[in-house]
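Two complexes, one shared chain (chain A), two partners (chain B, chain C).
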Partner chain A sequence: MTGTKTATKRAEVVVTGLGVTAPNGLGTSDYWAATCAGVGGIGPVGRFDASGYPTALAGEVPGFVPEDHLASRLLPQTDHMTRLALVTADWALADAGVRPDEWSDYDLGVVTASSAGGFEFGQRELQALWSKGGRHVSAYQSFAWFYAVNTGQISIRHSMRGPCGVVVSDHAGGLDAVAQARRQVRRGTSRLMLSGGVDGAVCSWGWVAQLASQRLSPDGYRPFDATASGYVPGEGGAFLVLEAAEPARERGARPYGRIAGYGSTFDPRPDGRDREPGLKRAIDLALDDAGITPADVDVVFADAAGVRELDAAEAAAIGAVFGRRGVPVTAPQTMTGRLYAGAAALQVACALLAIRDGIVPPTTGTDPMPEYGLDLVVGEARRRPVRTALVLARGYDGNNSALIVREEV
Partner chain B sequence: MDRRVVITGIGVLAPGGVGVKNFWNLLEEGRTATRPISFFDAGPFRSRVAAEIDLDAEACGLTPQEIRRMDRGAQLAVIAAGEAVADSGLTLDPERTGVVVGSAVGATTSLDEEYRIVSDGGRLDLVDHRYAVPHLYDYFVPSSFSREVAWAVDATGPNTVVSTGCTSGLDSVGYAVELIREGSVDTMVAGASDAPISPITVACFDAIKATTPRNDDPEHASRPFDASRNGFVLGEGSAMFVLEEYEQARARGAHIYAEIAGFANRCNAYHMTGLRPDGREMAEAITAALDEARLDPTAIHYINAHGSGTRQNDRHETAAFKRSLGEHAYRTPVSSIKSMIGHSLGAIGSIEIAASALAIEHNVVPPTVNLHNPDPECDLDYVPLTAREHRTDVVLTVGSGFGGFQSAMVLRRAA
Partner chain C sequence: MAQLTIDDLRRILREAAGDVQDIDLDGDVMDLEFEAIGYDSLALLEAGSRIERAHGITLDDGLITEAATPRDLLTAVNEVLAEADAA
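This part shows the complex of A and B:
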């Protein structure tokens, strides 16, 4: 299935720092406490008046005051999601015990995932253009909205001059970015990579664009439920600090775990829907890359689209790999909403915290259909040792990515 | 043993030349494709020149529904990918084939148009969802570009868009090379596409005076390295490649244009739009790309420059070439095809890879046109005005973009 491979030399890559901004917690400890307790952050949209739209629920990051964290000169040139990203990156580096000025600038790189860029900023400038004319468009528009903005701004903030990148693969982007960062550490092109995604487009223009997907729920996010009616979008995400295991140990870092495997596929095109969808193959590739079997996996963090046919496809893929009710499955994003480029990065952070504390956080507000055959962790968090976690993420119309994190021993 | 990656198929849609043959003819003949903007009334804008493609997407094989669904940038990518796959003669193995498309601004042109509708010309703060097109989500997240290519060529391997501003077209191919090298796939359909010529793009570059106001002389408006240069000319286009693992390509007797021998990118961590004049980070990217290719700087026969034609860029990269190549910089022909086809943002890096591979193929270096009076600080051999026959086995191509990104790629004639 995987064809002939010639493996390149494999340095083990560990995660030594986390930064989180989520709708149910600003900062890793608030997020993790809320997530373990089953406390969600989804509510009526606050950033604009959404009452006139078919859906008005979102996961918004609480208590975020940009001025508390960022210099005033940065505010006019940044979208809301970039401000969240800058602060999240600060926290991830601090958590890793990294002071960038103590490192050689080319040893620090950044790869972020993006989905729609600084859409709220862009809406303001589009309105200026069409209501007042081109001369009223901000000098910052050329970069404040574009997809590469977070990588660029983070690199500037911390003088990170190593390899850089930006991937866009919808909700799967967070895993693809971490995989790309891991490649750089493995190949030795960078000693440290900051990676993940922080995202958000909670503005009326972003809302209308997301509504067009016909996947937003008017009444709540209930993946795998018989009444699943779509997902609730949110803002926020996570950044991870990646390093090679040995030098990280030598400098005294305390790894949360290691990035052990990754696989990525795309579903067959519409005229080939009799062919097997790609998620199972992505899982198989990730297991193969990690050199483990399904029995080694302690928990699966599901993509949990909240759309009936997508939930069924994911349940089928998990069942095909692990067997009926063969592994605990959870989707704590029911407490945050789906965060686009931030979605999967936050799931990876969550999986690493699950490993650290031996807790599988719950999936809230959903009653899984028995025919899916999933051992979905509902109700309360489940205390159990977690050594290996599989994180799944899918993008609109076909991206399937799977990433495995393992306890670092 | 490292797996090597080669180019076995090329597809290009560039201003003035749809298809590889027309593209190369334009470069060899030193013609320009810059002209007054015709896509919309550019009257109110400071810069009113662009390099546009006269595209008949239906004649290029797209169906009316595909044309309705896809942003123009996606259309360009799909058409270019089709040409590349046909050119390669390869029957793709779907599971072992991935897709990566670079794009700086994605579906910005469609977003601009659709915003105007749902906001009723900017009148509504709360835009009206009842007027949205069904494909608006495809424009919202531009991974629709790589999806469309995957559907068109039937590839079910890894799939993403790489979006690092104006280095997207180099970085996407660099990303694809890594996937083949590590063994995740054997074939990548990779490249880049941007179709940014829309009011919002023109306005945002006007606001920082990045584009040229040389509106009275559009065909000579793109003037890289010339003392009179005063900004770039916005363009559009796409180049897509079939990249293969070398042994696979050799075993099937494929025509190999070039090997992608080295790639690196760096951030300048200086400014979102500004460049430091010393070219330090681009020089570092060049050195790293040469290291990966295991080549000495003196091996380079031709440099395909970023050469955007802004005041700061052309000096910045001239400094970077000197810093990384030393004396050899003065002996090496350097040229900017943006003088002919403008700057298509994220797409141009891939289009310049195509030009670099074709330079190796034909042993011809394309010219920098409109270069009559070089900037005294730009004192290298920029191949002014006319193409030059020149033995070209190794090419360095570079890119520089907003966000501070600096990328370098080394192409080599395959042994």
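This part shows the complex of A and C:
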């Protein structure tokens, strides 16, 4: 967030459509109803036999039948998470009242977040390679595994040929992708951007890769709890439709809110102990970008790693900006698990729905340590007006992002 | 060795790359271009490797990508099958 401020006011960028596929709800309305009611979607892994692994819990999207949503031609060439992504994108565009064929191809762009690409597809093809030989590997492996595959497939499906890209920054990716989409709209390189992330690697190969982080919980996801033991991974995520506020209003769109501020930082090197961790700086940058003060923030959607030292660092950053118990904090991802590239995009969707309905959804299944000084919304959802929400997300090994969404007035 | 028929090819294309939407693959597609039917080069590569596996033959990549229509592909594949029989 460098550069001088120009005299011309930069275009406001609003969110005009949402699509959600989450472990506690297929589609925005199911997800939001479950989330407000504190109903979670974490359970024993169903996509493969995980009983022999240290972690056998996951948040899996319920009731998803690809054939109900996608043409047969797409099925042999798509990983499970790409199928989820294509359907989520369809829903986001429909929610925005956008029919892409009525727009110029080059006015529509796609920026998604990704973590590992199509892992389950890749696993199947690698198994074919070593057990049967190269002739048995699908030609579609050439792109189905690839990080940028969701952006590419969405772009092809809807002829969205404006600026397209992919951001790979672990859990922070959902925010970083939305920030990049906002830049494209502000630059005028695209009239409409589809952005966010849908992810998932609930397969044995993906599992082993995730276990290597040592951050997966054997027994449940309890961020900020004294017994926090890591997180539970999940699949799904959200896509958002972003447009400049004026033209969106002119075409009759009804924005959920606007992307008001963003900041992104790296933590200091491990030997840079005299420098503060980067999360607080990311929050400060986002507040500055939005032109607001901490007092304007009605709720914080936490990253909630579920790992003791990471929870402590996040609580410290929130406390340093807002004061002890200075702002309601919530982490509804206790109901979904952490969704990697899909995580933060789903949090932004959740924040926009909180603004729409004046409800802060709860953090479930956790008993926050008083030492953290957080006003964590536990038990039941809290009804209160939400005009401004701050969403935090951290990637593995120290990249931090903060994004602010505000009510559109 | 048995020759590859248009019905074999239809089945292989469906298995390899899914069914197409706007065109009836069971109709008269012999001389339609693959692109018009809805199968791109990757779909054909995937179909080609399935033909190779089913018949124990090797097809040059060029043979697959240069075949514009089902008739082209069947002719080229059946030549390879006939050579394999003669050998």
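Here, the second predicted complex is superposed on the first by the 398 of 409 C-alpha atoms of A that agree within 3 Å, B and C clash if a C-alpha of one lies under 4 Å from a C-alpha of the other, contacts with A are read in each partner's own complex, and residues count from 1 in each chain.
The rule is simple: a residue touches a chain if its C-beta (ideal position, glycine included) is under 8 Å from a C-beta of that chain, and two chains touch if they have at least 3 such contacts.
Keep in mind that what you see is a predicted model, and the values were worked out from it rather than measured.
Of the two partner chains placed around the shared chain by superposition, neither chain B nor chain C is touched by A:D199.
Of the two partner chains, chain B is the only one that A:L211 touches; chain C does not reach it. By the touch criterion stated above, A:Q77 is placed in contact with chain B and with chain C alike.
Once the two complexes are laid over each other on the shared chain, residue contacts for A:E243 go to neither chain B nor chain C.
In the superposition on chain A, A:S142 makes contact with both chain B and chain C. Put chain B and chain C next to each other and count what each touches on chain A; the higher total goes to B. Looking at the shared chain after the overlay, A:D375 reaches neither chain B nor chain C. Once the two complexes are laid over each other on the shared chain, residue contacts for A:E235 go to neither chain B nor chain C.
When the two structures are aligned on the shared chain, A:E120 is found in touch with neither chain B nor chain C. Common to the chain B and chain C interfaces on chain A are residues 77, 135, 138-139, 142. The part of chain A that touches chain C in the complex is made up of residues 71-77, 135-136, 138-140, 142.
Taken together, the chain B residues at the contact with chain A in this complex read 1-3, 44-45, 94-96, 98-99, 104-106, 111-112, 115-116, 118-119, 121-123, 125-129, 132-137, 139-144, 146-147, 150-151, 154-165, 168, 171, 175, 178, 181-184, 186, 199-200, 202-208, 210, 264-273, 281, 284, 288, 401-405. Those residues of chain A that touch chain B in the shared complex are 1, 3-8, 48-49, 52-54, 77, 105-106, 109-110, 114-116, 119, 122-123, 125-135, 137-139, 141-143, 146-149, 151-153, 155-156, 158-170, 173, 176, 180, 183, 187, 189, 201, 204-213, 264-270, 272, 278, 281, 285, 340, 395-399. Against chain A, in their complex, chain C makes its touches with residues 14-21, 38, 42-43, 45-46, 49, 52-53.
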